[in-house]
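Before anything else, here is the set of structures, which you'll find just below.
Below are two complexes that have subunit A in common, paired first with subunit B and then with subunit C.
For the complex of A and B:
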């Protein structure tokens, strides 16, 4: 039997601090699976202390200014992967046009963590409970990925491949998250069920509604976040949503949900809360 | 007379703490040749140790010493000596320290630990306290009868019962015969963590001459010193224990914890000092926690609401060791019926071993738990009988002259009044109850109240002492034994001293750290006893110092001692302040113009002894406590029936603490304590796998309240019926601030939605699942309403 030790130290590793994206890509190319990327470190440092990961090198992204910019163009919001959550929240346009993202980020962990945690890290860790995932799903976010030899842009819905796994290969890094500016009149929102006022999600739900489409996204209720389009139900105004219609919508959503029973919540309560939040969030979107 | 008592004087340690200058045990790294200690713990809940192989670990450069249980197979404990320093023959919980080592650095220590091989032979574990109580085959401690027990305790040989406390009065069957209604219910509460901010740190130094020096985050340094003396068979005078500021304790640092292990490591490490610093995970798994409880209660009541009989069985889940938890069972045993006067009582309180982390003292010491049972039961009774909850309680509460804790000892005339507390809380809760209707039909409002009492649970000969030592300029040092872990008692003691000695507050020094060689003795810093016990000792020390001062001054001024008084650092005959000597002229001895001198340096000393009796083993009769503080708490809540979520709108408290020494500090205790209790009531629970492994050993999943969970409004009343033997009439408050909260919350939920909760914690999920059980159609109806409402 392997001894279970509660470590207080970190394992040995070399800390590399590149100052440009190109240096990052070169280091990644050199060390590949022997390296880990350090963004905010809010998950990684715990995993290191618990010896769940034993990288030879940590590539610190905090000094790479290219990865920490926020830009708003006529078409999209582009957030550098290593931008601290707290900075994203300061931008008025985030609240005005990307409300679901704003609500998810202002409720992510607690204020101290939000100074450190990054959007790229939240996605990159690929936790099923990643708070930012649900809004990014409904907002059609694209993830920009680079390696020394290549660059690609993929829809966020293709990014998560399982619990704590993603499509990044060992020499790739997320450089930015691009979110198209929603149509005028779009409403979006995020709500999560939690055990205290500052907690990770037992279940998270995001909703986007405009004249062209209505979609919902869920976190912490399946191995990866889920996107469910309910445009077919033709919800245009509050009167279009009643108990019967909702039951039909829920019939469509429910088979996709596959939560676990754990110390945080039972499967049943997760599903119940997903349903209640869905009712609430849809109602508010139509009001 | 009182320049400071009764005023919100700023904390003595405020600047040190907010500036980061205050020193905690973790900061002590300046001891020469300090080694890092680390221990390996048991991965199995119950197993015999077959072999321990440390050969590979010994080869690691920088490993200085490795110890196993066999190096010092002495059982330790305060009331029941049932705990190995390191497991000797078998392991009894997952997380129990088995092998420890001292190394030049933590990294080396961790590396070496991973190379140690321990072979175990599994034994059947037992986790459920009810099953453990019945079990004769699976015993956590087969050799319990051989352990040292304090005579106040009654372990039952051949069982897992570490203590059985009995409270008996009248004839229980007769009591039930006189009742019109009988109510039977079961209540429970899980084990919880103290969740103090500062994990445990202990430094041990076993010197070549056999003397022992310890620096530890210990609440009760004098108890640590005394028990270390027994553990290492050395006179107490050979031992010095330092306890710096503590980052919270809440009882979790009250007993003897990791100090013997640190000393043992130092002894083997050729007398180099060793520092053990627990990680949070180790603190969850290996350090003591709070008891869990299962209780069954049967109450007989007349139609008018008079309780005629109370029969209770408490089972306290103390985990693998009960050294301190036996006294939780005893204290909760003698107060088992709460603050009520009942003719017929049969109560049994059992402290039971299970293969889980071991329990110790916890703020409230069984009283938060027992009042959850009593005050929830009372709510269920009043609802059924249709009587006003406060009227029902007042019909049954203790009044002066009635038998306190159900036995023959009478409640004192100056003991304070629970009825006044109940009234004050109810007035603030009830009037608005029906006026506010929520917009959403799934939001329900409710109010709930609970009354309670608690006194310090301590041995009958528990003592405190203090000394006051004057300096040349007339300023003074006050020394006490009580530790500072956040309560603020030291500030209150300095206020008492300043008023007694006629000194400005700034001229009283009271250190925040404790040193058993330097400081005056106190038994322990527990049980809300310090202000009362140490406060009396400080007052007596000041009186003694004044005696010495007046002796000198009366000779110089040629006035009788009894005429003298001190004010603004001047000593003078009452009414004649112009005829004064300044304190600085007297406290180091007075010199006449001729050079002749009288008197000498002033050191005043004072003591205070508890006045209690040993309780009768068969009935629990006797005087169990120096005082009881009475109180009541109530909450107003909003409950979302669709999600089970609760919002605490208002938390109202009233305590009869005799005299408020420092209003701001008292209020701080009330807010801190009631939020801690809300956290326990709504989210805290140590969760185990079916193998007994703790599943939530971190604050990611051991949920404590966050700032957003704090109630919107606190209303606090302090009732001041003075206790004649308290310092300025004061009684203790620290633990009281928690006790009524869980039951008040449970009662408010019942009031809001008619759902009865019997088990803590009351999580949102718990409420949701109880609504489904008790009101099966409610949620689906509300879901429909939710979609209709436009």
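For the complex of A and C:
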């Protein structure tokens, strides 16, 4: 493992501070792979310090107010990509209707980090352990992406392409995350296993359950987050989840899991915790 | 790739602890680097440089940040507060006094960070519970006290505000 303490300075780069989305897109178009977008910096500055990336310019997104709005309409919640996580948490509807997202964000990093860390940055890093990914998967989030020449909206399930890689090309920026308002009576939740209060997850699990659909999503247990639909098991109430049914559900999930051994946990323990949390989160959703 | 150390300098102007301060900086310097090396603010310490320990916490435009994760350039024309800026006429604040009485200072390495965060919590003018304060301070590591004394100090001053 690299000794981060020896990296007491950052490498050289220029910081550019555009004040509108259009300026961001023009700069991205000009610098492409020579640039990196800077939101809260709570992932990027660490990667720079560890010399994992060497951009010539950083394009700071924090002065672009259009990227920091958060809105609820009749149909959806629209979160500007650069909205600090602490602000997302203050909107009551997030807890009321998007509980899985609320639970993931309230426990993401620590309170001081949440003042700066953003939702766009959390998925932008495309870490397999990104806490927001599991709730965004079960909640059917859409990612809005722009470049100078184009704009597109893709489902979150297509965003992650591998460990720390995503579908963005070098001239694209995430502008917002759109989440449809779930059906009345929907329950959603997120739980994770971790070593200490501010450590990355050993495994993260989100669940969504309503009269039409039951699905689970996992982080930190495969190169990208995973979405698994278990509607076919026709779970309606707590009693439906007996040992036999749970074993059949787990048989469906297990072949998809492909965790690594690392400092946080062994593969075996990750899978063990995934099973325990899956059972617990399903039980609670069916209460 | 640009060779390290070849960037031109820029002029940074901030309001640090109530006073306008100006200095030359390089684009890759963090707020932590500039506070300690250019402005000689030594209450701000560092232990990890990667956002884990929280020892480098300061207030940026009145909100807590880990200064090793903030580029100095990003703070252009911003307000920065460190422990040096919370005392009036060299008199200890109520929170500093509570830290001493509760034994919330042992080796002292983390004290600047907890005091500035505690100062922020108290300035919210909102009443917090023990567990809320516990949650709010969990981004800073203390290897000596076990946290209880720190939480109790903040709680005591917070409760007094509502008596």
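Worth a mention:
By definition in this document, the second predicted complex is superposed on the first by the 282 of 287 C-alpha atoms of A that agree within 3 Å, B and C clash if a C-alpha of one lies under 4 Å from a C-alpha of the other, contacts with A are read in each partner's own complex, and residues count from 1 in each chain.
As a working rule, a contact is a pair of C-beta atoms (placed from the backbone, for glycine too) under 8 Å apart; a residue touches a chain by one contact, two chains touch by 3 or more.
Given the structure is predicted, the values throughout are model-derived calculations rather than measurements.
In the superposition on chain A, A:41 makes contact with subunit C only, not with subunit B. By the touch criterion defined above, A:54 lies against subunit C but remains apart from subunit B after alignment on the C-alpha atoms of chain A. Contacts of A:8 after superposition: both subunit B and subunit C are touched. Once the two complexes are laid over each other on the shared chain, residue contacts for A:110 go to subunit B and to subunit C alike.
Look at A:239: by the touch rule set out above, it reaches subunit B but stays clear of subunit C.
Overlap of the subunit B and subunit C interfaces on subunit A: residues 4-5, 7-9, 110, 197-198. Across the interface of their complex, subunit B is touched by residues 1, 3-9, 110, 193, 195-200, 238-239, 241-243, 246, 263-266, 269, 272-273, 276, 279-280, 283 of subunit A. The touching residues of subunit A, when paired with subunit C in their complex, are 4-5, 7-15, 17, 38, 40-42, 45-46, 49-50, 54, 56, 58, 60, 62, 109-113, 115-116, 197-198. Residues 1-7, 26-30, 33, 48-52, 54, 57, 63-66, 68-71, 73-74, 117, 135-140 of subunit C touch subunit A in their complex.
Against subunit A, the residues of subunit B that register as touching in their complex are 38, 40-41, 43, 106-107, 110, 113-114, 116, 118, 120, 277, 279, 281-282, 285, 642-643, 683, 687, 695-696, 700-701, 703-709, 763-765, 768-769, 783-784, 786-788, 790.
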